[in-house]
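Two complexes come next, and they have one chain in common, chain A, joined by chain B in the first and chain C in the second.
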Partner chain A sequence: MKGIKSILLVLCFLLTGCWDQHLMKNAVLVQILSFDLTPKEELLLGVSIPIIEESSGGPQAMVKSETFSASGHTPRDSRLKIDHEIAGILDTSKNKLILFGERMAGTGIYPSLDVIWRDPRNSLGATLGVVEGEAVDLLGIKPKHETNVSEYIQDALTSAEENSVIPSQTIQTLASEMIDPGEDTVLPFLKMNKKKSAVVVGLALMNDKKYSGNLPPQESTLLLLLENKKGKNARFTKKVNKDDQHVVNEYISFNVQDMKRKLKVQVKDREVFVSINLDLKISVEEYPKGDVPKDIERLNKLLSKELTEDAKQVITKIQQANCDAFGIGRRLIAFHPKTWEVQDKKDYFKNIKFNTTVKAEIIKHGIVR
Partner chain B sequence: MNLTANKITNKQLVFMIIQAQIGVGILSLPHDVALIAKQDAWISTIIAGVFSQAIIFVIWGLCRRFPDLSLYQILPKLLGRVFGKILILSYSLYFMVTGSLVLARYSDIIDKWILPLTPNWITMLLMLLTCIYIVSEGLTSIARFYVLVSPILIVLVALISYAMKDANLLYLFPIGEHSIPTILKGSKEAAFSMLGFELFLFIHPYVQSSGKEKLVAITTANMFVTIFYTFMVIASLIFFEPNVDIALTPEPLLYMIKAYSFQVLERTDLFFLSLWLVIVATSIANWLLLSSMGLASLVRKKHYARFLPIVAGIYLVLALIPDQGKDFERFNQVLGPSHYIFIVIIPVLLFILSFILTKKEVVKKV
Partner chain C sequence: MNIIFRGIKRHIKKDFKQVPSNQKSKPFVGVFTSIDENISFIKNIFSCSDDLIIKELNVRNKRGILVFLNTMTDSDKIQNNILSPVLEANGDQLDSVLKSKFLKSDNLIKAKEELLNGSCIILFDRDQEFYRLEVAISKARAVIEPNNEQVIKGSHEGFIENLLINLHLIRKSIRTPDLIMEHLSVGEHIQSKLTMVYMKDLANKEIIKEFKRRIDYISMDHIPSIGSLQELIEDSTWSPFPQILSTERVDRVIGHLNEGRVAIFMEGSPSCLLIPVTFFAFFHSPDDYNSRWMIGTFIRSMRLMSIAIAVNLPAIYIAVIGFHFEVLPDDLVLPVVSSIRNIPFPPLIEALVMELTIELIREAGVRLPARIGQTIGIVGGLVIGDAVVRAGLVSNTMIVVVAITAVAAYSIPSTEMSDAVRFLRFPLMILASTFGFVGIVFGFMFTLAHLCRLESFGTPYFAPWAPFRLKDLKDTFIRLPLWKFNTRPLDSNPKMLRKQSLSRGWKTNESNRE
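Then we have the complex of A and B:
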C-alpha cells in the first residue's frame, strides 16, 4: 500500500501538464498587435515581436524588435498567416498593447477584439490605442535610445498616463464601458512624427465603438480632470500677461495638486442638464515674470476664467464627436430611467445642456516668490 | 452505527455546512442570476438565502424529533422497510447524479480555462482520488479538513475586492426595476447554488451539541453563505455592465480578476482557480460521502468506506456523459425538479408525517 501511494505521488509530479505544456523556447511572444484596414477592406494584422541578440562584449543582451504583418478576414485568419511565416508559435499571452489604425477605428474596434476576450490565454491587461494613419507603420519606427519598439511605445504611454493626458485603462475595464449604451470610451491617440518616433498626441474620442474625433494633449488633460481621472500630474501652460518684452514672461506653467469635481445631472421636461464644477488647487511651476503672491488674486481669476472657457471648448468637441466620456447616459439609466426611455439612444449626448465652471486657486509657488 | 467514535463539534458543523453549500456554482452564480434579474440579481440572492433558511428550519425540526438517527435511518422507521429502502436508494442515486454534475462542471471549467488539451477524465480522476481520500477517513477528519481549508474563502473575497477598484456602482441602479416574479425567478437560480445544507440531515447524530446549538450552527453557516454569495453577485454586477456584458461572461468572477497582474503573479485567474479547486473538492467529497452512506445503510453495512471506489466509479461514468453546454442544460432540467423533491418536499412530508404518526425516537442509550 505504501509503495502504491509513493508511486501515485511521483506520478502526480511527473504527469502534470503533459498535454497542456507551452514551452518558452517554442513561443514567440507578441508585444504589440496592430489592426488596420487594407484598401480591399481586409484586415491587416501587424505584430511586433522582440528579438534578443547576444551582445558583443556588453553584459546585457540587446533586445530589438521586428514587425510582421499579414492580411486576412479576421484577426485569427491573419495570425495564422503570420504563424506560417515565422519560426515558432505566436503567443499573445504577454501582449501589452493593441493599436488601431485610424480607418480601422472608424469602422469599429469591437469585432476585432472578440478573439482577445474569447481565448483564455490572452492577456486582458493590455491597453488599446488609436494611431493616426496606419497603425502598422508605427511598429516599424526605429527610435534611437530604445531599440525595442514596444518598450518605447509603452514608456511613452506610461508617461502620458502619469501626466494625465490619457486615462489608465485595460481591455477589461474598457469592455464594460464599450458595451454600456450610456457610456463611451476615450483611447490614447498616437502619431508618428517625421523623425520616426512616436508621440502621444492626446485622446481619440469614441462614439460607441467607433473612432469619431480627437483632442490635443492640453484639452485631453482637462477632459480627464473633468472626468475626475487625474493621474500623477496634470500640467498646463497658459498666457496670462500681455505685451511683455520677453515673450516667455507672458506665460505661466502650473501643475494641479489637488482637485474636487462635482457632477450633477438634472432633468427638466425631458431635457437633461448637467453641471460640472471643478475646483483645482494648483502649484505654480514656472512664472518667469516673478512674484506670484503679488499677482495671486489676478492670476486666480484669470486662470479660472481661461480654464472655464477651455472646458466649454472641450465639451463642445466631445459633444460633436458624440462621445459620452462622462457616462451621463449611465447616470440617466440609474437615476432617471424614465427620461432615458424617451431619449434618442444614439444621439442623446448631443442634446445635453452643459454648465461648466472651473475654479483655480494657487496654493504653492515653489521655493521662490 | 457506532456513535461514540467519529464525533464532530458544533463549530466544525458550521464549517462543514459552509463547505457543502459553497461549491462549483460560485463561479457561474452571478451570471446565472443576472441573466434573469439583471441589476437586481443581488436581491434574488438574498431571497434565495431566506428560502434556504426556511427549509433549514424544517430539516432541523425533523432532526429534532429523531436526535440520534440520520435520514437514512429515519426513512425506514417512518415509512416502513420496503418503501424506506426505495427512498434510501433514490436519495443515493440523487446524490450521485448531483455529485457527478458538479464533477462534470468542474472539469468543464478546468478544460475551458486552464487545460484545454488534457483529457477530462484525467482531471476528474485526480479529483475523485483526492475526494475518496478525504472521505475515507471518517467524519472527524473530514470536518477537520474543512475547517482547515475555510480560510481560502477569505482569500477569494480579498482577490475579488481588489478588482473592485475598477467597479462602477452606478450599474446597480435603478434598484428594484424588475418585477417581483422576475426577481423570484432569479432566486430560483441562486437557490441551486445554496444547496448542501441537506448534509445536516445525515450528520446531525454525530454532532456533540444540543438541538438548539445545532440550529444556531446551521443558521450561521447559511447566513455566511448568503452574505458571501451576495457579495460575489454585487461585485460582478458592478464590474460588468449588467445587461449585455455579464450575459457574455459565463464565469464573471474569474473574468474579473483575469485582467490583474501583481508583482509576482500574472493570470490571477489561475491562482483563483487553484484555490477554487479545494472548495469544489469539499463539495464533491460531501456528495461522495452521502451517496456511499446511503448505499451502506441500504445493505446495513457499518462502514461506508468500502463503497467509495464503486460510487466514485459511477460518478466518473456519469460525469463523462455531458460534454457540451447544451447537455448541462438538459441535465439541469431533469435535476431541477428532483432538487425540490429531495430537499424540500420529502423532508417537509416526513416532518408532517412524524407528527401524524406520532412517531418520535425514544431516546435511548445505544
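Then we have the complex of A and C:
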C-alpha cells in the first residue's frame, strides 16, 4: 500500500508536465504568412505549409509547399478557419516570412502583427515584406529550381540583403522602430514574375505603419548607404562616357568597399536642417573602356556628382512618401525636444531641409588597368 | 522521495551503531605435550577431511609428525625443502636445520591458519612448539594487460589473482622504504586477506584510520569479492556514482599512490581499490600521460564532453521534439519533421525502446564467446538499427541520437563510471518527456548538487570543482605539460604537496652552461 501511494505521488508530480506537451509530429509548420484585403474589406490570411514527399531510398526528402487561405475578421479568426481545413495543428513558431499585399499594407500593417507579438509561440525571427498586388498569389508560385516557396523567397531576400538592396531586419528588430513616432521603417518590396518567380524590386516605404511608396533597387541601395546600413556589397552601375562605339563602354560598375557617413541635425528658427555627408571608397568592378588610372580624377568627380544627384532624388522620394527612414524625429525628440513639440507629428519629415553630398573615391580597380 | 527518506534514515542509524564486532583477541591453544593429543586436535579441527595428511616422521628415534593439506601444498617442495634436509641431517645438525629453515610457533590455532595457507607443519613428541614452512602450490596466471583497461602506449602490466605477485608488481615499481604494506583480514567465517598499500610520507593518516575503522565494522561470514568489499566501505551506496576507483592497471595504481592515495588489494582479485578518489579520476587514462600533452588534453576534454552528451543528448532530443521544436535551426526543421512524422510512438517510448535495446545488445554480447558475439553485433546493430527505421517504428534522427549517445558513453575509460552515466540518462529522459527543458535543468541541478555533496572517505568527491581549486584544474579537464604539475592535487589530502621543481630547468640554465 505504501509502495502504491509513493508511486502515485511520483506520477502525480511527473505527469503534470504532460499538459504542456507540444509534439512536433502533430504540428503543421507554417512557413509563410500572407495578409491581404478582400474586396469586402475582410482580412484574407494565406499560409504556406511544407509538404514532405518521401523519396524512395534517397537521403533527402523532397519538400514542396501548399497554400491555404481563408478570410476572416482578424488573423486569428482566419487562422481558425484554415485550422479546420488541414490535418494537424497549425504552428507558426518556425515561420520565416510575413508578406502583405499592397492594398493591405496601405491600410496599415500593425493590427495584423499584433497577434505575433502577443503570442509567445510565434517566431520573432521572421522577415516582413510587401508584395505588389496580392500577397497570397506569391505563395502559389512554382519556381523551377527550388520547390519550397518559402525557402526560395527567403534565399532571394538573403541575397538582396547581401547586396544592400534591403536592410537586414526581423519582426523583433522592427517592433521598436514601428511604434516610434520619430522613426519609420522600410520593408522589402517584392513582385511576382510571370507566376514563376519572385523578384525583390526594391524597398517599400512606410509612412508610420502604412505603405506609401517604393524605391527601385539602385535607389534603395543608395538609401541604405545614406542610412549607414550597408550590407556585404553595394553595387552600382553608372553611365560615365558618351557616344562610344560600343554601348558597353559607356558604363562603369563599382562596388562600395568602405564608407563613412556623417549625419548632422541642426535647428534654426524651428526649422530643421539635416546634412548628410557620405564618403565612399569604391572599387571598380567593370570598366570595359579600360585604363582606370588615367581617368581616375574625372571618374571620381563625375561619380561624386552623379551620386549626389541620385541621393537628392532618393531623399525627395522618401520625403514625398513621408517615410522618416533616417529616424530624424528620434534625434529631434532626444536632442531638440522643444523643436519636436512644435513640429507637426505626422508630416514633420516633409518639411525638413536636406543637404546631401556624396564623395566617391576609387581605391581599387582590380588587376587590370 | 522514498529513496531520499530511506537514505536519511540510514544515516541516522549509522551514528548509533555499537562497537565493531571482530576486534576480539586471538584465541590461543598451546601445543600439547603428547603427540597423539596434537594429532587428534588437528584432525578434529579439520573434521578428518580427506586432504589432511599426517605422516609419521621418525628422526633419530624422536617421534615426529608431518602435517599438511595436500590440496594446498606442492609435493615437490615438501620433498626438496622439508623431507630431504630433515632426513639427511645427522647428529646435531637437525636443530640447526630446523632453526634456519623453519619458523617456530606454539599456538595450534595459528597452525590451523598456516595449514590453510599451504604450510607444512612438523611436530615432535614432547615439544611445546611446532615448526612450519610454506610449501604452497603457486598456480598464478601470467601478468598480462587487463582486457577492460587497455592502453596504446605505456606499460602493459596488469594485476592477477595472486596477491603476492600483485604486491610484487607494486614494490618493483616503487623501490623505496616509504612504501608501506599492511596486511588485514576480513570475514568472520572464511577469512580473506587484504593488503593496504600506501606511501608513508604522502598518504593521509586520517584516511588510513578511516579505512581501518570501516573494515573493522565488517561482520560478514565471507567477503566474496572486491566488489562486495567496495560496497561495504563506500561512503554512499545510494548514489549511482562509484566513490572508489577500481583498476587492474599497475601504472595507474602507482600514479595514484604517488598522489597520496591508498590502494587496497584482496587475495584472489585482480582489481585494486583506490581511495579517496574524485569524480574526475574516472576519466583519466594512463594514455593521457604517455602521449603528448596537447593530444592528452584534447582527448581528455573529448571524454568529459562525452559525459555531457551521454547523459543529456537523448533527453534534449526528447524535449526538443516533444516540447520546444522552435529551438531547431531553420534548415534542420524539415529533415527532422520528415523523419518523425509517421512514427506511432511518443518520443519517450521511442527513445526508451532504442536505449534499452542497445543496453540489451551490450548485455547479450558481454557474456558470449567472441564468435557468437559477432552474430549479436550484426543482428543488433544492422538488423535492428536498419529494420526498425524501415518498419517506421523509430525515426532516423532517433537512431542517430541513440548511436551518438552509445558511442559517447562507451568512451569513458572506467566501466563503473560508464555504467553510472548510462543509467543516469533514463531519469533525465523521463523528466524531459514530462517537463521539457525545465525538467532537464532540474534533473541536472539535482545531479550536480548530489555530486557536490558526495564524499569519498571524507574528501570532497567533486574536487577540484567543488571546492574550487584552480591549480588542480591543470590535471582534471585538461592535461597541461607534466613539468607544470609542481604540486599534488589537494583532494587526497597528501602530507606533502610539493612534487617537483623546475623539471625542465635545463632550458633556463642553458646560457649559464657556456
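We adopt the following convention: the second predicted complex is superposed on the first by the 347 of 369 C-alpha atoms of A that agree within 3 Å, B and C clash if a C-alpha of one lies under 4 Å from a C-alpha of the other, contacts with A are read in each partner's own complex, and residues count from 1 in each chain.
Everything below uses one rule, namely that contacts are C-beta pairs under 8 Å (C-beta built on N, C-alpha and C of every residue); 3 or more make two chains touch, one makes a residue touch a chain.
Bear in mind the structure is a predicted one, so any value in this text is a computation, not a measurement.
Of the two partner chains, chain C is the only one touched by A:9; chain B is not.
In the superposition on chain A, A:39 makes contact with neither chain B nor chain C.
After overlaying the two complexes on the shared chain, residue contacts for A:180 are found with chain B alone; chain C is out of touch. Of the two partner chains, chain C is the only one that A:52 touches; chain B does not reach it. Of the two partner chains placed by superposition, chain B and chain C are both touched by A:20.
Residue contacts after overlaying the shared chain place A:330 against chain B, while chain C stays out of touching range.
Taken together, the two complexes place residues 15, 17-18, 20, 93, 123 of chain A in contact with chain B and also with chain C. Listing the residues of chain B that touch chain A in their complex gives 112-119, 122, 126, 129, 166, 168, 170-174, 177, 239-241, 244-245, 248, 255-256, 258-261, 266-267, 269.
Of all residues in chain A, those touching chain B in their complex are 8, 12, 15, 17-20, 93, 117, 120, 123-125, 170-173, 175-177, 179-180, 327, 330-331, 333-335, 337. By the touch criterion given at the top, residues 1-2, 320-326, 328, 330, 333-338, 340-343, 346-347, 430-431, 434-436, 438-439 of chain C touch chain A in their complex. Here chain A touches chain C in the complex through residues 6, 9-10, 14-18, 20-25, 27, 29, 50, 52, 54, 60-61, 63, 93-94, 96, 121, 123, 148, going by the rule given at the top.
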